[in-house]
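Take a look at the structure below.
We call the chains A, B, C, D, E, F, G and H, going by the order they appear; numbering starts again at 1 in every chain.
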């Protein structure tokens, strides 16, 4: 495509990074509805898109943003949208349809404070919503990024995961990542040897339907329970089969850790700083970071946890990551300490302080 | 109120039972949007309401049904709505506002197959959605009923819980309960000594605002992270304080059970039949049934599980109750067997068969 | 003589008899649409979207690419398709509940934006699929499952005048009409013009079709005809509300 | 001489200066509303609902009971209140994004139902709160954050004509007008009539107010006035679109 | 929750399957029994097979649906095919003798399969419209879940308003009920 | 992720706080440094205090926000009050000397508190509009996170388009930068 | 997957100038055609349709092959074939 | 919680027949009033408003106390008081 020649270091906001990533990933159309802190994705996209023959449609709400995105994907285009907070709540209706029909939508979520309108700033309170929202079983892929480089990398990857496995795919970031400026390296995926998974139209293929080819008859509604069960069984099986291929995580110093810190997203940065600082002091602390929150790196976390004495879950929510952790560690019995801060940022110093307390056995 | 004199045994559908319960509970207005399998609640209500001076508004969608319900509650009326499936997905937007502002809404959910439109029939796939939907931390109360008597009892109770503690309250049933006919005893809560918690207007109190009384200035939006954190801390604390007062559960034969079956809602009936049948045969099986799914009877389940050798979670979903169970049993390590049937009913025979397999150690 | 049913070629014969009730107007509207698709020779270019409501029963009705969407969401799905593939002829097929209630924000915004799509909206005065509750189009005084004593306009509101609304907010290139299954030829004409208007990319195209629902109306054939032919047009005047001036060349 | 600001009595002086930007039209509209509330003596009967959008900044603006709702959802909250307490005078205050985009289904259905509420909708041609994206009301050619090269009507659609739409779907008892902060006295008159219409329970009442957003327009005072006073009315004609015939007695 | 009799009746939309269930359960109620009745419902109801799942017993009924019934009755060819999944080794499967070309679709695992000439009997001896009441008589004949007397009371209660207009209908229905009861007795099932 | 210098600048909407951050971080980039800059944002932005959180260092920056800064600068009375929460025992707290009646609101726990006559200096010696660049000079003077040279380059890059119209502005800005740098040097902080 | 040819019941009408065919496999017995026939030519037939309800049958004397019934049938269960001339709707 | 009385800066205008008062604690310096004054009587003042921006000040010679500025101020930062006669808007 030659949008970006070679590797290019740049300082920009996370929202800008997403727009660039979508562009180099070959996204052909964005559908969107404004919401803070996601707005600048659209704002950059509307500046970049016309220069590269890409399209944009501002819709009347997030329901429409989600359903038009579905429409775009159905034509075989890499289509995406972005949202946050109450918009993400509404986005669950279209994404439940995408989940049911295996439509490879890509949604970027910039989490903000919740519940309700709450704050336009920041949180990690949309984890449960993004992983399991809707009236289904959460057959989605959710990448939790922690830096602009990752926002860029995983936005590109999201299109490939979506189109390869046909599950709705989310890039889950937050208001800090959206709004802050930091450096990243832009690149053209092709030049890095990243092949973009080819897309394929669901509707509008060439030929006369019913003659040259079967017509597309796409539905999400079934008449009897057993019909639905059959579809779900197949989808669940394919989801579980895919999981090991796409699970991603990061870990450090897990061997014999007195405390293993578990964090995701931007909070992971604070957790990692805290852990490295104490590790540098010679304390036995490590971290485990799920990058895919859905599917969750269960085995990997279990192995890391098995080598640790205690756990500490740190998040800007009241136990949403914690629930994932407990669910995936069922059967183990390490004590889990927590640092739960719904809607507010977590600093490395705070994590350090909590870690010291735990390490010194001062915590009740 | 004298709507029902004495106790009255009746055969009716679950939807009809809900309408009667709302009536005798003193619900003054229902707002609603049609969706199967909830429709008949509205249909009965529109027949009953005018005779008793109650009101009804059919709205343009579930968003509106939820937000008009909030409006009704704000005036100090017992107001409610009912929904299901995709409607429940949309209902999360208004309920996230109710959660943020502590507005005592009552919502009856008749679960149907998911995700998406799926089936209009039945499932238990709206557990995560109803307990934790929206962009928040799930500060709601969710009663899972299993019979018409309970639908009646808990619909009445829902108004009291909502107005006493000011958290949005859900009665979670399903399409089977909605549509089947069975017997129940209707009664006037007063005659049973159930006092209806008095309501209070949030807006429109007498007097000149700013002079005779402070004006109501109700909001859900905060400017900085720390403001939100403060509000959430208080709400979470009050939620956790309330929890022991409202948690409900049921258990049987838990002492030294070889297998303790965990099920909720209408599936509990099949589970209970299966357990009792095998217990009658002298096998060591018991059950535990959470009635409040949110807050969850954690301590009670832990105590029951502590006395058992193995667990078996049975549900018409792919692990939604299971996640609650694992979350609440973290640290324990009993094997958990599962019977997960997303979107389809579970018969006692199937549970019996699975139980035998487990008891005979034939399961892999 | 080997006589075959005169189904439109674009119908999917394998799924016939279709799933609509006896006497259901959906069948007539889809027959009109099928004939128009045949006559225009566009079967291979059409993408048909059906809503939740009885319209969902048409998910495998045609031998054309079909997407069954969510209740009220057919408009945005079709808008999304059209924006991405303007060479497709997209048809959003929905009920009065889907179009005027839960999906009305999509309808009015697509109309305002002048999206080049064709919306066919079936006005049967009820929420049929869910068993006959009041719809935005329920007539004053009409009994439904949620207006058991007749629609009291003071409490439950007035009927939605959809084409009138769409006509008020659309541009000159838009096409807006209200037809009826009781006027089959006119209905076909309106549908044809609506599709031609889309193909010419002149503007948003909208046809409301008065339809029958004997099941929820609880009417026999005679009363069914009477309701759709005589009573409904008293509230819902038939005709074209907006016809684009066709520029030659 | 102890001079006090001439704020409407119904304003909450403790929260002034209010949170709107310098030169923001919201302040003017709420001043008009405050004066009308004072003049009508209804401060103790009003329930004011504000949307998400810059209107949310008015959540503690008045000494009247106020509910700050969700983006686009002020109409249903107020409808809910009115149905439960018809003796309250409810005012749904929202932006053009909240009213014409995400909340348009509520607006058109409340209008169609003829709910006895008053909607005041602030047309500032942008999504102001979120930083100046295109709104349904953005003028053709107007630059916004999501139409950086000017609103191209072929791609991004045409402006929404709200009062025209509402007028087309409401009953005879409805009141519909478009005012402007540049015509303050007229605006007050429209708001007053809209509230009187609600009190008389005649019908749905709707006032769109052309407003200013110097922050997102990036205009100085001169350009601000020019845009709202001269340019906007070219697209959005001012005046009353529907005035109920008042029956005496 | 004791053992209840499990009955599933399936037919085409117009065959009055759900009315049979309504009257039957009404009779059970009049008889002081407990019941649980759930119709099938789905989006394609319009053109689909209509099924009534009925359980009648002395105690509160347990689970709402059952996989295999004690008695499964199919009144059309589609119903025969649809109900196969509800037949088990304990099931008495009854279908109308007028249904043709379903031999291959009959359940293989039923305890017993029986074709009863219900439609023919109704048409010839009574009236096509009481076909469903005749079926109900057969169900009662087989199961004895309610007495004929209570069944008549229930018919009176549910259809009484029709009898007022046309008193002959009452006799017709009662006869159909008894004829159905008899029919299975004659066949040695009852 | 090494240790970075943490700077928080707060002021009223019109005071150009975010522009300072933009130019400062641009200079850091030109200097080959890493930075992370995040403005505060909220619904009541319109009337609220504007804050820029800036971290500059040699390696990638860790966490995006910090509780307490190395340098916290407040340019209005509201900013003084708002920034108290970001002051810790390691913080150098700088505020404009023209701000009145804030003695009681000054942080109690700062390492050092300094009132600099930035506004006065800008007004008297230069021009009110370069007040913010003067502040930037002061920040650089205190922290030395970037060189004055790179800061000028950054100014050129960000404001060059303005200088084209009005070349005097360039000098004015450069002077303001140096004056700010000097100011803190004079006060013995740098 | 085309279905096997549907059974048609045909009858000469309009003095033998046309054939009226009904496809019981499509007819749902709604009666819309019967109600609309301008000649009152349609009555209920012994033949049952797809839902087990009666289908329709024309009186060959009365039927003028006007095709109204064909047009108003929502299920395309009626086909009128004119033996002479063209066959447009 | 009423706020303490706001500081007002007042000036006799219109030949002493009226008083023009500006409340710097309310004025945001938007300039809407200045732009609208039919007499061109308003100019920027030294006095800073609530956001640190200049407020306005009338030329007592030019000001006719027409109250336009008062009306168009979105912040109620201007009050015109006529010394005689009534004071209606």
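We adopt the following convention: a contact is a pair of C-beta atoms (placed from the backbone, for glycine too) under 8 Å apart; a residue touches a chain by one contact, two chains touch by 3 or more.
Just so it is clear, the model here is predicted, and its values are computed rather than measured.
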Query raised in the report: Quick one: which chains contact chain C and chain H both?
Result: D
**Report entry** Mean-CA-position distance for chain D and chain C (Å)
**Finding:** 34
Report task. Calculate how many whole Å lie between the centre of chain B and the centre of chain D, each centre taken as the average of the chain's C-alpha atoms. Result -> 39
Query raised in the report: Using CA atom averages as chain centres, what separation in Å is found between chain A and chain G?
Result: 59
Query raised in the report: In whole angstrom, how far does the Cα centroid of chain E sit from the Cα centroid of chain F?
Result: 85
Report task. Return the residues of chain G touching two or more other chains; collapse runs of consecutive numbers into ranges. Result -> 51, 53
Query - Set of chain E residues in contact with two or more other chains - result: 42-44, 47
Query raised in the report: Counting only residues that touch at least 2 other chains, which ones in chain B make the list?
Result: 36, 55, 57, 60-61, 86, 93, 97, 116-117, 119, 121, 220-224, 226, 345
Report summary line: Touching pairs of chains in this structure are A-B, A-C, A-D, A-E, A-F, B-C, B-D, B-E, B-F, C-D, C-E, C-G, D-F, D-H, E-G, F-H
Query - Interface residues, chain D side, partner chain B - complex - result: 12, 43-44, 47, 52, 56, 59-60, 62-70, 73, 76-85, 88, 105-106, 109
Query raised in the report: Contact residues on chain F for chain B in the complex?
Result: 40, 42-44, 48, 85
Query raised in the report: Given the complex with chain D, which residues does chain C contribute to the contact?
Result: 100-105, 108-109, 112-115, 136, 153, 156-161, 164-165, 167-169, 171
**Report entry** Touching residues (chain side chain A, partner chain D) in the complex
**Finding:** 33-36, 39, 42-43, 46-47, 50, 55-58, 60-62, 86, 116-117
Query raised in the report: Quick one: in the complex, what on chain F touches chain H?
Result: 12-15, 47, 76
